[in-house]
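Next up, some structures in structure tokens.
After this come two complexes, each holding chain A, first together with chain B and then together with chain C.
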Partner chain A sequence: MSTVESRPLIGEGISRVDGPRKVTGAAPYPMDFSVPGQAYGTLVQSTIAAGRIVRMHTDEAAHSPGVVTVLTHENALEVGTGPASVLGASPPAPLRNDRIVHHGQHIAFVVAETPEQATAAARLVRADYEAAEPLLDLQDPRAEHLHDPWGMDHSRGDAAAALESAEVTLHSTYLTADNTNNPLGLFATLAVWDGDTLTVHDTSQWPSMVRASLAMAFGIPESSVRVLVPYVGGGFGAGLRAWPHVILTAMAARMTKRPVKLVLTRPQMFTSIGHRPSGVQWLSVGIRRDGELVALDHRSLSSLSMEDNDFEPFSSGTAFAYQCPNVITRDEQAKLNIAVPTSMRAPAEAQGNFALESALDELSYTLGIDPVELRLRNHTDVDPRNGLPWSGKAILECYEIGARRFGWSDRNPEPRSMRDGNWLVGYGMASAMFPYFAQPCMAEATVNRDGSAFVRSAATDIGTGTYTVMAQLSAEELGLPLEKVRFDLGDSDMPDSMMAGGSGLTGALGNAVHDACRRLVRSFVDLVRDDADSPLMGISPHDVECSDGRIHLMGCPDRGESYVDILARHGTPQLSATGSSTPPDAKEIGLSLAGAYGAKFVEVRVDPDLGLVRVARVVSAIDGGRILNEKTARSQIIGGTVGGIGMALLEDTVTDPRTGRIANGTFADYLVAVNADVPELDVVFVGEPDRGTPTGTKGVGEVGLVGIAPAITNAVYHATGKRIRSLPITLDTLL
Partner chain B sequence: MRTFDYVRATDTQEAVRLLADDPAASCLAGGTTQLDLMKDGILEPPRLIDITRLPLHGIERRGESLHVGALATMEELAAEPIVAERLPVVRESLLLGASVQLRNMATIGGNLLQRTRCRYFRDPGVAECNKRSPGSGCAAVMGAARMHAVLGVSERCIALHASDLAVALVSLDALVHIQGPTQRRTVPLTEFYITAAESPEHENVLDHAELITEVEIPLPPPTARSGYLKVRDRVSYEFALTSAAVLLVIDGGTIRQARVGLGGVGSKPWRAYEAEHVLTGAPVTTATFLDAAEATMRDAWTVPGTEFKVPLARRTLVRELQTVAGVTS
Partner chain C sequence: MRDVASERDVDSRSTVNERVVTLDVNGRTYTLRLDTRVTLLDALRDRLGLVGTKKGCDQGACGACTVHLDGRRVLSCLTLAAQAEGREITTIEGLTGADGPHPVQRAFMEHDGFQCGFCTPGQIMSAVALMAEGRAGSDEEIREYMSGNICRCGAYPNIVAAIRAVASGGGHDAHL
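The block that comes next holds the complex of A and B.
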């Protein structure tokens, strides 16, 4: 494994390479693609949550102006089910039968010559139902439960006995609401068949998985499917599955022998592409009076749809967040008649961390120990699950620097002791982490005879900056100026990439790019191994480095030559190499792979008469390992923080308790934080390059959100003396 | 969207005649509500009469009244110096009522006629809506009710009138000038609206072939102070959970005149006469304000999810009375 210590921890904060295209409108998002002769699809969705369709009435719609076809379960093509992934089984295929399992389930697909005609005709499709009573309440005893669905339940020591004998105990219940990912870009699919070859433009965070799903759905080889997604208007996890509407669009295109385009409406974005599931968590903590944790018993129940999976082990982080000898974590999911939950930024950890960090805050008051100090007393440098040292964990630095920047020492620990006019002022903090995650990843690097390079992988840039940081990394590895490197992504024909999810892409793809570039340099060195005209003749590929478009002996820039000269002399137009990365094995490297860490400090203002909560300041100190681009990484933390403010104060996908219909499925009714809700956000990166991977990076896509909600509720307690254990804190909560 | 005819009226008489000729036609002004409702399939007028070219844009002071053309935009009214000087409550309600993009499009007449934001009304997939289909029932009463009204409602409909401006205007005794096919008439804004309890499907006294031409706002005494407080979860871009429009004339520690409107609570913009009775002649103290607030909301009809609006509306009123009077708690 190569060392990265010679490189700066914080990479240059350059602006996005795709920025000008985005701000000028030149960047094509999935909904921007059109092809000649295309027809337009519209979804018709169920208006009951459980039961079956007795009869579909489609005649009126079928004879409506411009209508090409109306698909229902009675005439739909039978399609296969896609592959299982790390996120579980593939979502169920659309229009399979008459069974209804949630309100908003697709029951018909209308194809017409214009979007307006399709929309008008879709309103004419009616269904007769035989309705059953839906299961909608998470704690409904009739709901079927999945126990430990991800095999991540953890147990060490004897938590029950330790709780029994603990000097101080806390037993609390925490509730978190359904939240909806709500990327600004409406999800879109354009499917074009040419014989048995399928090309699809799709809003996806994982094109190769969509390719595999479409291939299995239609029984064609993966080599006959191409999925294109050069730009994504946000995803937050919603683009990690091959959703039924994607299969439906391709099915309609196959059946009508026309290209078909579908753009979801905003209300359909609430029912078709997942959401963060609601949950209830029961947490028991045993602790000594000196603040040392002796027992943690963390259990969760979260909502799940009837026919799909969702990776949501709420309590799993509690197994290794702190030093504690006796721990038990147990996660369950309840099957309900709700639209499919899915990963939403910081899945599981956002919710589990809220419970754990709220409980620690509560105990800090009980014990009279400063909240930061309480966490310091329970810090661990090793992974308590396996005893291995973490590959990188600078959380102590996060506490120290975060507290200093925030002015934590100015805090009067007494609740309700700080005031500014009508506003009560409170300070709160929380620890944050997001666990390590990676999947196998590949990339290809090419240097051309003019000394320019392109590097490519079937990854996506969901607004995170993948284009930019991978171009930077490639330029660094190849010793080229940034403007000579083009990084391409968003095409499933490119070398396979992992998903843009789990905060894993930058690390895994970065390591694959690193490997590809190293191999490419090696092929140049191989080319001149016996070349008497080359100053590099006979030099080992391990002894070279690259700068200014040249390969040269390490530490000796004069002994070397340029890519251009080598290729010209050998009459070779270009050289390419493919690289790959696989997640390291902890036992093999003797390190437990660490994700990102952080400490969050928040000041809130609470108007106790009107119940208003406003976030006044946030300081996020983050250990993200080596930061490739400070500007894009900071944007990730800022964006995550805004999502955390939304989760804490505003976001709540409300399901009608009687019908299962989502009652606030628009941007007027579902509240996300707007600029006026977001104060100045201070972000500081600390730590060292991670020791577990070649590039030393950790993903920072999710750690920005984690810990914000408990830091806010903890600050609300400090301001008001009122402990909030249910999110979001709408103003009626505080009246 | 269904296809529809589009015609542009050139004068008010023609617009009224076009309306009279087609009982299903609708008017198009700023379009900020009308077009949304058409896209969502809630309104499907076969004919849209564009009234934006009618000569109803002016804002003019005549003596102690401000005459606001129905087609003046929210932004134009908010920018009038006389509004800032004499009608802060109107200005604040406009600025808090919509983003600048919407204020540049939305008209004053259209604002008064805006339809409810009720998500059950605005989703054609919901069958039970007495406002859309009289007699079909009310899904909101049994549903997620947090954003709905508690005054002037019944089990037949709890839809909220979400205008901020109208709350300020009812408190100021604004007048609505109306042009019909054969006659003009003037209706006080306090008598313009019909509550959902009276009739879910009829929201005001305007006949189909009548147009609002002008809103007349009597200017309060120069010594009056006024303001508008809007309470909501999100700092911006949200309809009021509760709001209060307050105008006070104070003389030597005594309230000589009081006007109070409440928003976020009524199926129509709510005038709180009962609070005004308590305030008038009373000393300028928080105790007075608490008494005034206590007098309001007594007829509230709540469902699970709207109970909090009763205490919140009272607290909102107390806070705005304190702010306008310059009294700290």
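The block that comes next holds the complex of A and C.
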């Protein structure tokens, strides 16, 4: 069979296999499903941020036209809490009690015959509250803090002493705003009970987890729950958990004995499905005059809700980003009366990297060393936490090729030295990485009598191209043309998959697909082991490879036969095999598992009179290991870049400091990058297949975003001489 | 011509403020009894089952619900169904012709002008109208006049490339 080494680094950029459905409007998203007899749900949310409900007034709503029921904590079904996951405990169950912990908390659920009736009736639900003073300020000393909530704090050497004696030091504070994931597809849930079995269409990036949560909530076996999500209208992390509204919709369907459909409104998307938490970071750097880092002390405090978890170790990347003997990283979370934060594209690393890469840029000016050169001097080929070599880290190539494509050498190092008419021109750069992440994953591969293959796993394609790249990979493994292979996903009845998150799915699922396909080929070879009519008789499964729909002796295409012939002769309609992957153990393979790396180069234009910042050009040089499909991988990088532009220049979820209400919870008020904000983006993939896993891929969903914000603020400094340490950049700071 | 969906809808829902609305969608005529509050978007999606048109905000701020009314792009979430009476409505489902996908649909596939695909029907309806408006003369112009359509996946450069390819393509593709 083919091996990693024999494959090209960059796979063919074929167009998405789901493209025809997406451009014709035929791809069904969760909100597009309906069933006969369904009723429509609408959420009612709290208008205070802390306290308790004294009384709910639901009579008027209950008697409003078309209303089926109004659920509150007084009449809701008691449900169990779902399982903990790698992202922490399950979100709290809905409508448990009278306690209010954030503005926009679900306090009632109205079910009616039509969406208009449900919406109209929801406006009639009122609550009497006993309000308490909400804790809303991240630095409020009264807030309870969680220390090292993820056990990722790191310490080596003696950072304090090294800072004390360093030739040059920098002490800076960085602020990053709350951002809201805001996938374009409104999250929707349609719950249908049939006796004690439950079928749910749900906007999720992880159907297996939603299934487990619903099973635990209603005390039924997982096999009685089916979660379907063939298409997801984006997620960026928001679909990684079984949110209270999902449980609530299923609860309403159970109680009313009707299918119930809920579609969140855009304002509800700000309070119901997580957001990137705001944070403050304190970074101290000790460095020699020749640019060698001697100490890094990185601490963070980020916002957390009262009753939930969020994985957000801001400073963790600083522990292994560069060679440095003395490092300390410390993360804390402050419990506030805010809606739950959650992973948003490049969680933690987007913020932590902003601080670190801003500081290095600042030091490059202090020391008079080119920013790229400064990073080169602190490069490490081994993981400084464990001394193991990285499974793949081509960041040096990223610097070199990125700088060349960008024309970095044309940069005049002097701030405010480059102009184009009235525009101040600035060049900035930053390193980027997103750490390795994977979970166990399974896939099943089948070859049918007609020579077609069907491969499936309960994964999702959130726009990353999973349908396409997994079909490509399966076709390659089985030696079939792509048209003969169908990859299916988005159904929890399929073999369990990991989440579409943390840039982990392509690697983990790819390795499971690889395993399933190899096992399948092996079962074909086993089938003909003693078959005198087969040219493959007696051949070891290790000595075959596949091409043109045939299994044949390695290097000898004539000695073999087709899947079709084998199945026909043996009267077998199809053969299937299940494969799996588990994250490798670094110690066992002697390699520290590397995520993706990158170098980002940005040109900005700043209008000195208006403080306006325009991104003029971006070059992203990316080490994503082996790239399965250049077209979809490039799209991941440009998508991340657009997210990074938003983070740097536009995105800021504003909470009213008195009431805790989100003040800009619409697309008219919460600004995201639009077409006119985004220039031509140059993406280049470099490096080699990763050595840590069979398929050699690394995920590229997050690395596109990382480093864009600091590259922009570093370019703004170069253009204007003004150092920005708070995101997003606002016009006033540049005037 | 009346549609099966309309038969069901005319009698099944009883609410306070209703009226009978006749809609001409993709060349077919549908008669519906509708709550007067129903938007064109909800009528298309919930009553006619034409779910290709998407709802991203219901507030006129994202462009996902873009359809054509008499050949011009409108936000169907800001248009009441009743307002669309007597006008020619085209949705993404009506864009594909007898000879296959519209050139803009093909260009979006070729240039990977989408990721999750949720904004795509709206982007494509906007792009087709943009060319009819004569606003696809340069990348700058395309970016500006496509800025009412949010793509949270960030496919913008590829969307521009797709539109540019069709606008400058000549021959078959230039025929809109």
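By our rule, the second predicted complex is superposed on the first by the 732 of 735 C-alpha atoms of A that agree within 3 Å, B and C clash if a C-alpha of one lies under 4 Å from a C-alpha of the other, contacts with A are read in each partner's own complex, and residues count from 1 in each chain.
Quick note on the criterion: a contact is a pair of C-beta atoms (placed from the backbone, for glycine too) under 8 Å apart; a residue touches a chain by one contact, two chains touch by 3 or more.
All of these numbers come straight from a predicted model, not from anything done at the bench.
**Student:** Would chain B and chain C fit next to each other on chain A once aligned, or clash?
**Tutor:** fit
**Student:** First (chain B), second (chain C), both or neither: which does A:V674 touch?
**Tutor:** The answer is both, since A:V674 touches chain B and chain C.
**Student:** May I ask you to decide whether A:T666 touches chain B, chain C, both, or neither, giving the answer as first, second, both or neither?
**Tutor:** A:T666 sits against chain B and chain C alike.
**Student:** After lining up the shared chain so the two structures overlap, which partner does A:R123 touch, if you call chain B first and chain C second: first, second, both or neither?
**Tutor:** The answer is first: A:R123 touches chain B but not chain C.
**Student:** What is the contact status of A:L731 with respect to chain B (first) and chain C (second): first, second, both, or neither?
**Tutor:** first
**Student:** In the superposed arrangement, does chain B or chain C reach more residues of chain A?
**Tutor:** Of chain B and chain C, more residues of chain A lie in contact with C.
**Student:** Where does A:L612 make contact in the superposed view: on chain B (first), on chain C (second), on both, or on neither?
**Tutor:** So A:L612 only meets chain B here.
**Student:** Under the stated touch criterion, which partner chain does A:K22 make contact with: chain B (first), chain C (second), both, or neither?
**Tutor:** Second partner only, chain C.
**Student:** Going by the contact rule set out at the top, does A:G233 touch chain B (first), chain C (second), both, or neither?
**Tutor:** The second partner, chain C, only.
**Student:** Could you look at A:Q139 and tell me whether it touches chain B, chain C, both or neither (first, second, both, neither)?
**Tutor:** The answer is neither, since A:Q139 touches no partner chain.
**Student:** Please give the least Cα distance, whole angstrom, that chain B and chain C reach in the superposed model.
**Tutor:** Minimum C-alpha separation, chain B to chain C: 5 Å.
**Student:** Can you list the residues of chain A that touch chain B in one structure and chain C in the other?
**Tutor:** Common to the two interfaces on chain A: residues 116, 120, 666, 668, 673-676.
**Student:** What residues of chain C sit close enough to touch chain A in their complex?
**Tutor:** On the chain C side, the touching residues are 13, 15-16, 35, 37-38, 42, 45-46, 49-62, 64, 91-93, 95-96, 101, 105-106, 108-110, 112, 114-121, 124, 139, 142-144, 146-160.
**Student:** Under the stated contact criterion, what part of chain A meets chain C in this complex?
**Tutor:** 15-16, 18-29, 31-32, 34, 65-66, 113-117, 120, 182-186, 231-234, 236, 263, 265-266, 462-465, 631-632, 634-636, 638-643, 666-668, 672-676, 678-681
**Student:** Which part of chain A faces chain B closely enough to touch in the complex?
**Tutor:** 45, 47, 116, 119-120, 123, 267, 422, 609-612, 614, 649-650, 654-659, 661, 663-666, 668-669, 671, 673-677, 730-732, 735
**Student:** Residue numbers of chain B touching chain A in their complex, please.
**Tutor:** 1-2, 41, 117, 119-120, 123-127, 139, 142-144, 146-147, 231-239, 241, 308, 311-312, 315-316, 318-319, 329
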